[in-house]
Structures are given as structure tokens and as C-alpha cells.
């Protein structure tokens, strides 16, 4: 009989909005929470017995109840609370992984005294993943959808040329990418104090941005390494950074047929194909644990 | 033989990025341009003769060449230039409609003196549509993807109840929507000076936001009207506003089964179905011209 | 005070799946229904009075209740029933427009006698729009997401060349498009028998496909006209066809740098920009009523 | 200095359409190819030296040249050819991973003798991933976007109930999912003959479908295991199957407020949240190698 291998189940994409009313001043947290649970689940796969199965509907209810009971101080803190609950309250569940997307809102400034109006800040999404096996924690935070572009200070030349190479070398090009970053905190033990998740996120994001802007780039790989290294060097609580950076090609348009010269002014922003550069940057001695796939 | 009715053709979604270098300080315009042309096109439909057809590839080339030759002062100004070109340079073309999406970028602030690094501002897209028939202009500007939310000051009650009505009345609810706005400028004649398109857009957007935030809402229709009326009242250059506002329902989660009270704190953000409220608000005496469909 | 112009409201994207059990043989209808209502709605916009407003939640409930009470013989028939209900049962509502997307499922063939298993047929979506003002009906059916491609029998040459034209003429190219078609039935009067909507859709779709495949094309406009004309000529119940056809460019890859000849064998399927060809084809004497925008 | 961890680079999403002309009968392969290369890449990350970097543009060119030179017998065979080329022709490259999506087309049947017209078959995508390190092959094939639904023969009861459980047990429910399947072939050695990739895919797909349809389901986990086990039992060339199955909830609509009984006839198809069931099924003795994350 075929063997059951790695497996998990849970409720994905529970959308919870939590309002806190501080008098007339309101605050908002907007999360998308996905719960994945693993443990003694052979019976349900092999025989259809649900005796060990807490329904995914219950995972959804728990998200809402915890938002009320405990509030949402940060995505990471909320994920830790949920993971601990499932692993410690359900004997057959040995491991929980909570994934959270957080959508940012900013206040709409108005002439009046109203403090309950918000606008979504953009396409960037903050991410947090919390894994717990009853003993150790692993917290991987990150972001997606942060699109950045340098109009200069990027070159690409000196590369390998084979039979199929036609690319011209570039001494001044646009470098643009859509940053997908994940960083793993060293914290894993309840006995140690947890990092300041809100500050950690803001700081890591800031270092990624400034390293992107400040690096004179000879390749997107070099820029990637500088971005990851900047975070490792400045944030002692972070041991590992993984970056996935599509090279969003901006091709210089050939204007010569129209009697015009293109002095790096007019570009075609291409969709596909795109280069894809992915790498992990580690604190010296740390093991890579963020999945590469 | 079946008759040929209304028709148009052109190149859609030409992606052009225009860089302006003011010494070390760079500026950026990022547009998605769609050209639609109409005129004496019976032959190509009925007989496959392309004698009147300027290729759509040429429309694409023209976008790039004009970005170099004339720069991009604003989406509207660029659209006017393109529309005028096609209608006046090609005898068989009697009408041009240029649609532009503009993506906003903001500078990445860095410690260094570099001024060539940018981050995409978000999911909001500025839109402009320019139509020209050789005599009159019609400019409709707008925006999509502006998501806004009030955590209070919204009610919904006193509505019709029929056999199929089960909705409970609400005295305090979240009101959230994703604003799709279009506004038509009164300007139509080359002999009159054109409005300041950049300022017009910023002002209209600001009025939409503040009207949304400042309206105590008894229905999304009321909020919609206030938003449109605010623009009409404050911007004399704008004659018509059309708003399409999905009611992005945030349902109060029932926490009673868990022994908890939900004091308007925990909401489920639903995807579908959603209410959809659409209306045009007009300057007194103006005709509605923005399509309703 | 700014004037209220054209407006509508309703519930969009109510997802209803209706199962019919004929013993062990089950049947399935899978619809996405959007209701838009108009009428005496000045008060709700101007003063926030909901006295004339049937909640959008009730529109959703009505969709589900009607699916049970009346079944879903076809999207069009279901839309007619809903539109009639809202206009005739609510005095302030003068006009209803029902838009429906229908997703097709096909049976999974199995060795057993089970007849309750289905697989989604694909990305193609059947559409229906029913409008009713209490006297006249307008039914526009259609489809989206039907992607078709001819590997030959397509040329493009003899076009206008201006200063910005660089395109090479083509005597053999791939012609590919993603068909978005809408067709308007002549039926408008309850006193006359309605067409067979299921058969009408299948026949119109078949004619679009065969006209696309059988036309030797000198331009996508010519192919478009042939597709529309074929439907008008073969289906007397249809008075108007509107087609929106993106020209999904497949560019011949230049293999000469690699010492290879590309005999119309290897193509790059481009995303953007794309040509966009749109036209209406009419029965002689019919008015174009399908919106062009 | 921070350490460089796992990394790769390459060109993603090269869209290639390959036509084969057998007289008037044409054949079509439509692929989306992503190349990822790894090896001696420390210099480019740490110092910006591209001396070991074959440009991603060259990877794109190679895809097109190989499509001409060797044709595309199957996605897997094409991926093997590409992976072997990069690893054996570039000394610094030690590992290649080729990911391919294949889009299916079916012939448009026409009255004429034309055999060059095609329609996209649907949203289902065939996938293939080939990894090569110079010695061993790993081929993981699969599919995404296969949406299936049983209208009956599904129950869910006997599960754990905690403080947050409110779900009612179900003795007859709709079971619907969007199958994402990957299966790993045992073949890894050039010295052994490779499997028939086309037949392998068709057979695996057929077994997944029939197991879904024929399983009387007490939980989606049980159905998942049956689907994977069916493939392992029937296809000796496949050692591992991983399935990711969202539980696309179809909720029975409560029609009682309208005086109607819902005898499992009318359902609301929900978007989010959804259950997510994931598991690997293995041939006895095989190691799980398909990533779980």
C-alpha cells in the first residue's frame, strides 16, 4: 500500500479586520491568516476517520475569537498565539504553521477632528510565518510587492558569451525589481524575550530600500547580496535573509529609424520573460532554513 | 449583406517609461498607453484592404517617438498630442481616443546625494482618456484602486423589506469601497486655454478623499453623491463626475458562540458578492457623457 | 446644487450553484449573477433616505430563492425572471439589468455508474445580459475567454506607411486572438415567443469558431467582420454582434544569429502591447445598441 | 561578512510556440519555460564580476534555438535537453532546473480540409520540472487548474469539537477542489531508458480524475490519499505524488426564511477562506523529495 508522506491541513485566507477604538481615534489591523496543522493524521487519510481532525472551520473561528480576546499587537505576535493554541490544546496536532499577510492602511487627513478614516497604502504586503512544534519557534517575516527602480548607476558587462549570446553590454541601464524578501529571526525559545516585531519589520524594510538605492550595481546579484547583507549587519536579531528579485527589464527603445537619439530617456517596460535572481544571505555560522523553492 | 457598425482599432497597452535627467536629480513618468482610431475603415473590414490602415505597430512607435520629442508633461497633455497627430496626419482617420494609465513612483530617501531611486507608490492608478474628432476635445480623467474605509459614522436602515429581505438594520458599520472615479473637464476647444491637468487631478483626488472621510453616511449612495458634488462644487473646470463604488462588506463576526461580545471590533472582510453603487454627478445644465456601462 | 445623473445599484457577483438530481444522474448550473436596479433614487443620493431602496442583500437572497423555486433553464431565462420580478414588484424600480456569467462543467467519465462528478470545462465564460424597463426586453448574450489561433492563412501588407512605420509586411503569420463576443437578440416583446437561448448560444459560438478557422485573413478586421456576418446570416433571431479581438502577436524569432533558419516554426508569444480590433456587425436596418465602450 | 547561501539565476517565463507543418496538417506546442542555474556564483554576488555569468538573455535565446533545432517532443524531453546543455557546456554551472508550463490546444473542426486552426483547451496547465546536477536527473511532472466537483457521495462528521467549534456535521455535501498535482518519476539515470512522458502524463491525469470521482468521501484527506495512491499503484514509473487541494466550499443556502426547503439543490460557492489539504503519497520505500512548501 502506498505510504503517506508529509501532510498538513487547515483554513487558508481567513480575512480579519480588527478595530481598536481609542475614543474618537480608531486603529486598524487588516490580516489574511492561513493556518496549517500537522500531526497524527494517518487515520483520516487512510480510512476517512475524522477523530483527530479539528475542523478547518474551527481554525477560522479561532482566528476571529483571538482577535477579540487578545487583540493583534503584530502579525508575528498573533501568529505565535495561534500556533501555541493549536499545538498545546490539541493532542494529535504536533506542529502548526501560521502564515499572515498584512495590508497597510494610512489615515486620511481631514480638516475635521475625525480619526476613523483610512486609505490602503498600496500593493506592498507585509508577511509573517510562524512555525511551532511544541518546543521551538521559527519566525520568518517579510514583504512582497515592493517595486523599486534605479534610473542609473547600473551596468552589465563582462559576462560569458556562447553561441547563443546576442545581448549587448550595457554601461548605463535602468534596474528595476519587485522585491520579495523573507527574513528569519534568530529567536526560537520561549525562555528568551521575543524581538520587537513591529520595529524589526520597519528597520529591515528600510535597510532593503536604502541598500537598493545606494548600491552602484554591476549585476542584480550584487545588488541582491548588498540588500541582504545590509539587513544581517544592522539587525542582530535576524540570522537569514532570502530575496527573490525579478529583473524587470526596461529596454531602451531604438529611435534611430525616426531620426531620433535615445539618450537613456525612453524605455519599454517589458512583462515577460524576465530575469529571476534568488539568493539567501546568512549570518556567519547560521544555517539556511528558508525554503528555496 | 450585414452592415458594419461602430468600429475602432489601435495598439493597446504600450508601456513607456520616460526619464528626465536634471543633473543628478532624475524624474520619471510611467505610462500604459492605448490608442484607438476610427474613420474610413469599411474596406479593411469588408474586403481586407489595408490601404487606409496605419499599422497598430506604428501607433506604438509613435508613442515612443513622442515621449522623446515632446516629453510627458502630463498624461492628458501627452494624450492630446497623440490624438491630434493621428487625426490630423492621417486623412482616413476621423477620430482618436487615447487611454492612459499612469503609475506613481515616489523617491526613495537615502543618506547619500543620489536622486535616481524610486519606489512604486501603490496600487492606485491615475487614468486619462482623450477623445478628438478634429474639432472638439473631450478629456476624462480619473483614478482606480483607491481603497478607503471608515470604521464608524455609517448606518443603514429604513429600507424596503419584501418577502426575501433578511438583512438586519445597522446603526454603526464599517463602510469600505474601492473608488473608481472619472471626471470630465469642460474644456473642449483649442481656442481656450487647457486646464492645469496635474493640479486638477491632485485637487479632485483630494476632494474625493475628504468627502468620503467627512460624510456621516446613511447609505453608500449618499456618500457617493457627496463625493461627486464636492468635486463639482470646488473645481469649476470639471462638469461631470462618475463614480463606481463597490460596497466592500465587512461583516461583524458573531462571537456569541464563544462567550464573547463583539463591540464592533472584529470583522470578516468579504470578497463576493458585493454591493455596487454607480452614479453620475453633474454641474447644473451639463449633459452626462461619461458612459454608464 | 450638483445634479444627480444616471445611476444604478445592486448586488454584484452572487455565486449560485444549482444542482438537479434526476435519480443518480445529477445536473449542474454554475452562475455568477449581478443585479443592477434604477428608478426613483434621488432621495437616497441627496438625503440618505432608504425608503425606496430594496437592500442589495435582498437581491442576493432573491437569486438563491429563485434558483430553488424556478430552477435555471438557461442564464437568459433566469435573468428574465429576475428582471421582471424587481421591476414589477417594486414600484420605485423602473429598470433592471441582470448580468450573468456561466461556467461550464463536463461530466467525468468513470467506469462506475456514478453520474455526479464534473470537471470545469475551461477558461471560456458564457455571458448573458438582460435589461427590462417594464415594457421592452433587451437580451445580449456572449462569451469571453475563447482563445483561438491559426498557424497560417493570415497575411498583413499594403498598409499605410508614415514616418513612424517600421513594421515589415507579412505574407504568412500566426493569427491569434481571445474572442470577446456579444450578440443581441431581436426579441423584445413578451407577446412574442422567446428564442431557444441554449441553442442560440451553441449555434452562435459554432459560427464564430468556424468563420475564424475558414477565413483566409488579410487583416484581423476582415476576420472579425466575417465572424460577425456569419452569425447574422445564419441566426435570424440575432440582430447585432459586437466583437472585441485583441491581436495576440506571435513574433517570428530571428534565429539567424545562431546560424538557423526560421521557416515559420518558432514564435515568441508576446503579452503587451497588443493590437485591439473592435467592431459591431448588424443585420441590415438594425440599430447598434451594444455599448462600444 | 555575511555568507552567501543557496542561490540561482536565470530567465523566467520565456513564451515559445513551436509549429510543425505536416503538409496542410499543422501541430502546435505552446510552452512557458523558466531556466534556473546554480554553481560558482560567489564572485557575482560578492564583487559584481560577471565572468561566470551566462546572461539570462542567452538562456532565452537557447530556448528558441533548441525549439528549432530539436523540436519539442514533450515538455519533459525539452527540459532535459536544456538542462543538459547548460550543465555540460558551462563549466561554472553545476546545476540546472527547468520549469515548463504547457498550454493545451485542440483543433477547431471545420467543414473544409483546413487543419491549422486551434482553440485553447482551458485553464488547466500541464507542468514539468527537470533538475540535473551533471549526474542525476529528477523529473517532476504535474498539472494545475483542474477544477473538479462531486455533487454527492461526500460526508464530514465525527470530528473534534472544541470551544471554538460551531460547524454542523454533514451527511451529504458538495466536494469541490482545484487540483494541483505533482508526481516524481523514478527515472534518474541516463543509462536507463526514460519513461514515455506524454503517456505518463495522460495516464496520471486520468487516474487522478477517476479516483476523485469514484471515492465515496468522508473527508477531503481521504479523497486526496485515494487520488495519490491510485497513481502510485497504476504507474510503476512514478514514485511520489504530491497533491495540494483547496476545499472550495459550497455552502447550502438557508432558504427557510423564504418558506422554502433546500434539498441539497442551491449552494453558495465561496471564495475565501477555504480549507487547504496537502499531502504526499509515496511508493513504499521511496523518499519524499517534492518540496512541501
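The first chain written gets the first letter, and so on, giving A, B, C and D; residue counts start at 1 in each chain.
One rule holds for everything that comes next: contacts are C-beta pairs under 8 Å (C-beta built on N, C-alpha and C of every residue); 3 or more make two chains touch, one makes a residue touch a chain.
Which protein is which chain? UniProt says A, B, C, D = Uricase.
Remember, it's a predicted structure, so these values are computed and weren't measured experimentally.
By residue number, more than half of the contact pairs of A-D reappear in one of the listed pairs A-B, B-C or B-D, namely B-C.
Each chain's centre was taken as the mean of its CA atoms, and the one lying most distant from chain A is C. We define each chain's centre as the mean of its Cα atoms; on that basis chain C and chain D are separated by 30 Å. Per-chain Cα centroids separate chain B from chain C by 24 Å. Averaged Cα coordinates give chain A a centre that lies 38 Å from the centre of chain C.
Shared interface positions of chain B, defined as residues touching 2 or more other chains, are 15, 61, 65, 164, 166, 257-258, 271-272. Listed in rising order, the residues of chain B touching chain D in the complex are 163-164, 166, 257-258, 271-272. Listing the residues of chain B that touch chain C in their complex gives 1-15, 34, 36, 41, 44-58, 60-62, 65, 89-90, 156-162, 164-167, 217-219, 221-222, 224-225, 228-229, 232-233, 240, 242, 246-247, 272-284, 286, 288, 291-293.
Of all residues in chain C, those touching chain D in their complex are 15-21, 26, 28, 30, 61, 64-65, 67-69, 105, 108, 110-112, 114, 116-124, 146-153, 174, 209-210, 212-214, 250, 253, 255, 257-258, 260, 262, 264-271.
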